[in-house]
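Here it is: the structure, laid out below.
Note that the chains take the letters A, B, C, D, E and F in the order they are written out, and that residue 1 is the start of every chain.
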Amino acid sequence: MRDRLLIFSCRAAKELALKIAGVLRKDLAEHELIQFSNENMKVRILENVREADVFIVQTSAPPLHDGIMEMLIMIDAVKHASARRVTAVLPYYPYTRSDKKDEPRISITARLMADLIAAAGADRVLTMNLHSPQIQGFFKIPADQLDAAPIMCDYLRRKDLANTVIVAPDAGSAKRAGSYATRLDLPLAILDKRRSADDESPEVLAVIGDVEGKTALVIDDEISTGGSLQETVSALRRLGAEKVYAACVHPVLCGKAIDRINDATLEELIITDTVPTGDKRNHLRNLTVLSVSQLFAEAIRSINQGESVSSLFR
Amino acid sequence: MRDRLLIFSCRAAKELALKIAGVLRKDLAEHELIQFSNENMKVRILENVREADVFIVQTSAPPLHDGIMEMLIMIDAVKHASARRVTAVLPYYPYTRSDKKDEPRISITARLMADLIAAAGADRVLTMNLHSPQIQGFFKIPADQLDAAPIMCDYLRRKDLANTVIVAPDAGSAKRAGSYATRLDLPLAILDKRRSADDESPEVLAVIGDVEGKTALVIDDEISTGGSLQETVSALRRLGAEKVYAACVHPVLCGKAIDRINDATLEELIITDTVPTGDKRNHLRNLTVLSVSQLFAEAIRSINQGESVSSLFR
Amino acid sequence: MRDRLLIFSCRAAKELALKIAGVLRKDLAEHELIQFSNENMKVRILENVREADVFIVQTSAPPLHDGIMEMLIMIDAVKHASARRVTAVLPYYPYTRSDKKDEPRISITARLMADLIAAAGADRVLTMNLHSPQIQGFFKIPADQLDAAPIMCDYLRRKDLANTVIVAPDAGSAKRAGSYATRLDLPLAILDKRRSADDESPEVLAVIGDVEGKTALVIDDEISTGGSLQETVSALRRLGAEKVYAACVHPVLCGKAIDRINDATLEELIITDTVPTGDKRNHLRNLTVLSVSQLFAEAIRSINQGESVSSLFR
Amino acid sequence: MRDRLLIFSCRAAKELALKIAGVLRKDLAEHELIQFSNENMKVRILENVREADVFIVQTSAPPLHDGIMEMLIMIDAVKHASARRVTAVLPYYPYTRSDKKDEPRISITARLMADLIAAAGADRVLTMNLHSPQIQGFFKIPADQLDAAPIMCDYLRRKDLANTVIVAPDAGSAKRAGSYATRLDLPLAILDKRRSADDESPEVLAVIGDVEGKTALVIDDEISTGGSLQETVSALRRLGAEKVYAACVHPVLCGKAIDRINDATLEELIITDTVPTGDKRNHLRNLTVLSVSQLFAEAIRSINQGESVSSLFR
Amino acid sequence: MRDRLLIFSCRAAKELALKIAGVLRKDLAEHELIQFSNENMKVRILENVREADVFIVQTSAPPLHDGIMEMLIMIDAVKHASARRVTAVLPYYPYTRSDKKDEPRISITARLMADLIAAAGADRVLTMNLHSPQIQGFFKIPADQLDAAPIMCDYLRRKDLANTVIVAPDAGSAKRAGSYATRLDLPLAILDKRRSADDESPEVLAVIGDVEGKTALVIDDEISTGGSLQETVSALRRLGAEKVYAACVHPVLCGKAIDRINDATLEELIITDTVPTGDKRNHLRNLTVLSVSQLFAEAIRSINQGESVSSLFR
Amino acid sequence: MRDRLLIFSCRAAKELALKIAGVLRKDLAEHELIQFSNENMKVRILENVREADVFIVQTSAPPLHDGIMEMLIMIDAVKHASARRVTAVLPYYPYTRSDKKDEPRISITARLMADLIAAAGADRVLTMNLHSPQIQGFFKIPADQLDAAPIMCDYLRRKDLANTVIVAPDAGSAKRAGSYATRLDLPLAILDKRRSADDESPEVLAVIGDVEGKTALVIDDEISTGGSLQETVSALRRLGAEKVYAACVHPVLCGKAIDRINDATLEELIITDTVPTGDKRNHLRNLTVLSVSQLFAEAIRSINQGESVSSLFR
């Protein structure tokens, strides 16, 4: 009844896009990407997209800027090939942490991304767990934001959560952690990190709340270099936490992340597949990966059918 | 050397605009506003504004929507009268709390405001302490955001802060309160508010951190109906706080605010003049009003002169 | 076959919107509007609007600016909830008389309204009897303008129109009155109003044409404070008119309108329901209210079905 | 002090542009226009326009559409050659009578013109006596509208106006004529023209007001084919007017205008030079041409200097 | 299944549009165009176009600028009459040779055309053999470009091409001619034209490649005044070519084209019907006209059906 | 007198930007770029840019897409820091060869680049030798294109050019080579390259024109992998050319370029410094690098001063 649904995947999101397409019992739409030795990319859409409802899946993963340009070029190619609607599907939104001007004369790059995506011709955006919910307002085109918390909490509820405290790694993430505490009906503790001088990285000064003798469940939206998690875990142990779990939606896992996380000896690290982890998965101990493919597949189907998306971030 | 600087004030911001103009040793530029009995407004700009650098000061105060439309009409009139540049000066930004889509099918009205201000013809915006710093990203036109924290902290440092703890009224404001804690080198405590059912207002479950026997200094960006503050203060007393102070930038003071605040028997309530308080000032006990006029005057002068604005929110 | 049709109503237009929906044998689509004590409004759309063809009915009635903002917020909420098309239905267009720059440095606010409605995300506009037909050109988005004249004239033709003269209350409305004169095949007279000094309201100097011993039928697009009508009637009586009728599309009826109209002792005042008159209806003598709901219902159906709208203003 | 002022003239406006430049003691800026035998035009700007304040004068005169395209190409060339500001100066605005949708499915071409002028890159517009003042609202870019009425009235006041009545040729121009009546303190009469069938041209049914034994001064914004004026004059004579004058701002003078006007045996026809009349001037009896060059020169100087334009339409 | 397809034709393209409609077994949609004696045009669309998929066919032919404005007004009328999609069909794109800035301060008028077409409200463009393929990039709206080469080559292959060389009339058209050489598997020769001084027209200096004793087939995208072709043919004869054919897609045929082409005594001139040739056809010797109507009909059907357009320029 | 001129350089263009600044006797404006381990970049502008006339120099060099995003982020940061004007200076424009749709459903990426640069906030562009001059039309913002041909020809004229023929490596570059031939008054030859099957790279079929016993001077706009040049040189030798020189503006030099060029044993390869060549310079035999810094410095000065740019591409 509705416009023909086509799902294209950029390179970095291939693994997740295949799973999404699988849930929808579809093949990925075909295209070809050639990267010349001068690094220029050329995208050839190999299917007729006229009047189709096109979804282009891409995520933020290295090489980051090649991936961003690849997506913009795909959007442009599909749009000028007369697709009726183009939705950029971004499980992990690029530059999501550059969402405010906390220094003078810097770019709010998450906003710039929104402008570039629209300038390339996207009609809408589908993403997940933005660093701050306000980023959704950066889009003039309609933007839907999914939330991985229900998946995470479904999984966590199957564990023994007695004597567990939810931990926010710093004051800025207190609200996010607080929403997990409410969903799981657990107490909340917050680490008080401060910077002694401008050029130093922040240190954990104290914990606000009580972790001694408890199981700590650290909540964060992403895990990047692992530095912050490492420090959080070591502070929690120093403060008497007995066991430490961590649940982070976006597994960026860059720099020394693998070593740091392994060193932190977590009981378990729970992540999703919004970012491809490739071989890293095999080197991380006690890792659990929950898939968001079902959620994205449902959202894409709902958008195409004009139905309500049930898993929206609130 | 620079373009002629003209400052117009809408009705709700008259008191503050006069102070700002005073600091700059200027008169407010003249205009006339007629409100007909069908409520339609007519604005007549009474000065030549061709090629001028025009600043229009307005704030969010009752009657709120009349004030918003008044500002949009002023911007339109000045722009079509060929001002070279129009800056909307909004000490208290309208709909600042509608900055995210925490429910399905609602408007991110703070973003809509940004679009309307730009559609009316404003070239830039100057505002203060947005509810979330990300709102700055809602603007495609350049937007500067001033911060009242330095004024607040200068005032607070003159007090005896021994045995004082900074209190965030909920997890969502932990980051804001944390920045005051860092500036004043004080510990931080956070109230853990939860909603037992969807239709109830949140209740204070516990304090995360330590307030017993201490002086509590509650930090918030605005004080609206006073309900949240009242509850915060009563929870703090219940938890053993000895004295309670509160510092809130924007004094919205609507509904039963006056009674609630007086009932809360604060040692002192510190606010600024971003919102006119009129007669309410006389009915609030232990009130201190700090003026932001100097800050805005300097920012306007800097913008006009093409100099760096030193008091930006970071 | 066509997109799902949903009609929402803002508060001021509720009565008319219900009638329109009734004609179409539909219920109004559901939403919830909360107005906080800081006057901020929050709109929650309670139905799925993805891919729907949405009509939002609002009119200009007190509190005017709350109503305008309510409509803009509704449009924004519905648009970002992925409606395929949003039509703003405005039986009485706001600021319709601010349609030209008859003084320097004023806003053409009817144009600003068009810009704001488009900036909020409306795809088209459906309105009725704009003060000047040129306002339709203020819209870059498609705008349809209905005409109440056929309804008015159908009603008037059922009366005895012998010895009747159509009266334009001033030179500016001669064209509008002239079109009624042509439709009803009656002679035309025009009042010659002039302002002796800039700050005075205009006085009737003379009638151009012949009214002595005749039944005068005054035609206007709106009746606001009743001042102009009162003066018109008294001049007509002074000039020898035997009976006076008046037909005005938009019953704004603000200020002292009720008293003035009753004082004018009209034979009959004929209005429509583009503006809600509420209790005022009961206080006006010799009042006839013709409904435009049938016209709007047909137009909405035609727009949804992609058919020609037969009742357009010509 | 201000940006370098350059005035270019398109071909149709050359005569007026030279006069305007003369008043400003400047030469017209140089450019070259080549029209190839395939009718394509090529414009070469022969002066450096970087950062200059450029005014491009064009009017509506045959060949009309060549003239419109010539102006659009000029604007584009000057804008991309990096002029700081481009003002389209249009003494007689093209398609000024296509300002409303009085039939279904027609173009409001005056609005389309505004869009095209802006799309070509103009930053502002300067024009005179639009057919309806609302057209000014068609422009998103600032638009100034001059009024020839003061020039006309200055000239008319030098005549003997005793026993004179201002005549509006139809109901639609009653307002315009009324403003002359007020300025000159004279009575007003209006011709009542009606169309008996859809495909016929309107006939004068009657005069509303009194012209018998009087000197009639017909006021119109433009004189096009002369058909309307001819009919107006003959009706006035039939109704007993002793002498007939006519004052029309824009002398379009197309079709059989010359013969018809001469046949009408006016006492005097007063026009301006917003449209070039060329040789026609010599064939019209009793013609007076008032120049608007002084007004335009002052307006251009004011715009360039950022001063108030004193001769705006009100 | 798809939106109702309507084809309108502007005056200059009537002949071709009728053929296109014929292929699609449709009538042209009806409209009426009135040109007043002041040259203003008025377009009345006589069919309901709401939600329809409208194609407006126009080409570049004298009177050129009337034709351009006619098309823009048609687009505007159809768009504001609520067509769902408007495609401007331009077999011969206006100002196609003004595609670069080869002199300072000139307009890239082909780009301006793209902006004007989009500003008038077109949603897409369908054209053929642009002077340079890059012009397609001037459009932000989707633009499809058809290629007449397959039609030309199909026709040419039916001839005896032994001993034939493809000739590019200058270095700038070497690539276009080269693509014909490849398609027909023939050798290529290029004329080396140079300008001895700035104000002279270029002269043929030499041929690069071999034409002596051969049949020369000159390839060009358009034939305008015939001057270039005349000179090319005379140079080819001087250089020993035995026979000369020419194939040019767009038959502009202006100025002295007829005489020059006849003087050149070509074996055959092959053109298409993208530009109407009217009576000129009868005055040209050895003329073959190939129709592009089939190609355009297929493209229009494909666009309407959302299918791939098979005859695109590559 | 003019706005303060500031020149920033992105990383890839540092060497050239320093030379340009040196010619203007200025330092590069200061900024800091941090690249995090998740590849996100953060740009901090370290100078006040309010009301300044900012030039941001960037070129296309590996890592290409990091460089593009770096430039877009710089533009965004500078624009939102209230620069009066931002000019993107791109000596070698990214994706310059993706300037047409020579296959279905591909992106005209050079056009997308123009859109992205404008979306990020650039007010104008300054570039050099675009692959096709039409690309300039992709920009809605003013774009200036410099030409290296005068520098190249000045250098070449100092050599002995007797018995020299200019060689275009394929039909598509015949026009560019032809313009060198005209400037240097030399004959022209063109290589006829054809593709035997779709998936093969083109082969040199023949030379059009005469190279035997001559010195060949190959002209191209860029030298990328060297493959085309290698093949051109080997064909020229096979065809009897005695010596081969090559002049290419943009030294991309990627893939096996160094080896291929050295293998080709050119008498001399002449390039410019629009792309940094770094260490490659030392590995290329017979290399001459001409600097375009003087040209860019003059153009920047002219743009800032509002003067005519004398070295524009024509």
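The working rule: a contact is a pair of C-beta atoms (placed from the backbone, for glycine too) under 8 Å apart; a residue touches a chain by one contact, two chains touch by 3 or more.
If you're wondering where the values come from, they're calculated on a predicted model, not measured in any experiment.
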{"item": "Third chains touching both chain F and chain C", "value": "A, B, D, E"}
{"item": "Smallest number of contact steps required from chain B to reach chain E", "value": "2"}
{"item": "Pair joined by the larger number of C-beta contacts - D-E, A-E", "value": "D-E"}
{"item": "Same-site or different-site touching of chain C by its copy chain E, using the half cut", "value": "different"}
{"item": "CA centroid of chain C to CA centroid of chain D, Å", "value": "32"}
{"item": "Between chain A and chain C, centroid-to-centroid distance (C-alpha), Å", "value": "51"}
{"item": "Interface hub residues of chain F, defined as touching at least two other chains", "value": "80-81, 101, 103-104, 108, 115, 308"}
{"item": "Each pair of chains that touches, named by its two labels", "value": "A-B, A-C, A-E, A-F, B-C, B-D, B-F, C-D, C-E, D-E, D-F, E-F"}
{"item": "Touching residues (chain side chain A, partner chain F) in the complex", "value": "36-46, 49, 60, 62-66, 68-69, 72-74, 76-78, 80-81, 95, 97-98, 101, 103-109, 112, 115-116, 118-120, 224-225, 252, 254-255"}
{"item": "Residues on chain E engaged by chain F in the complex (per definition of touch)", "value": "99-104, 108, 110-111, 115, 132-138, 140, 145, 168, 170-172, 174-175, 177-178, 181-182, 187-190, 192, 194-195, 206, 208-209, 308-309, 312-314"}
{"item": "Residue numbers on chain F that touch chain D, as the complex places them", "value": "2, 124, 142-144, 302-303, 305-308"}
{"item": "Of all residues in chain C, those that touch chain A in their complex", "value": "4, 48, 50-52, 79-82, 84"}
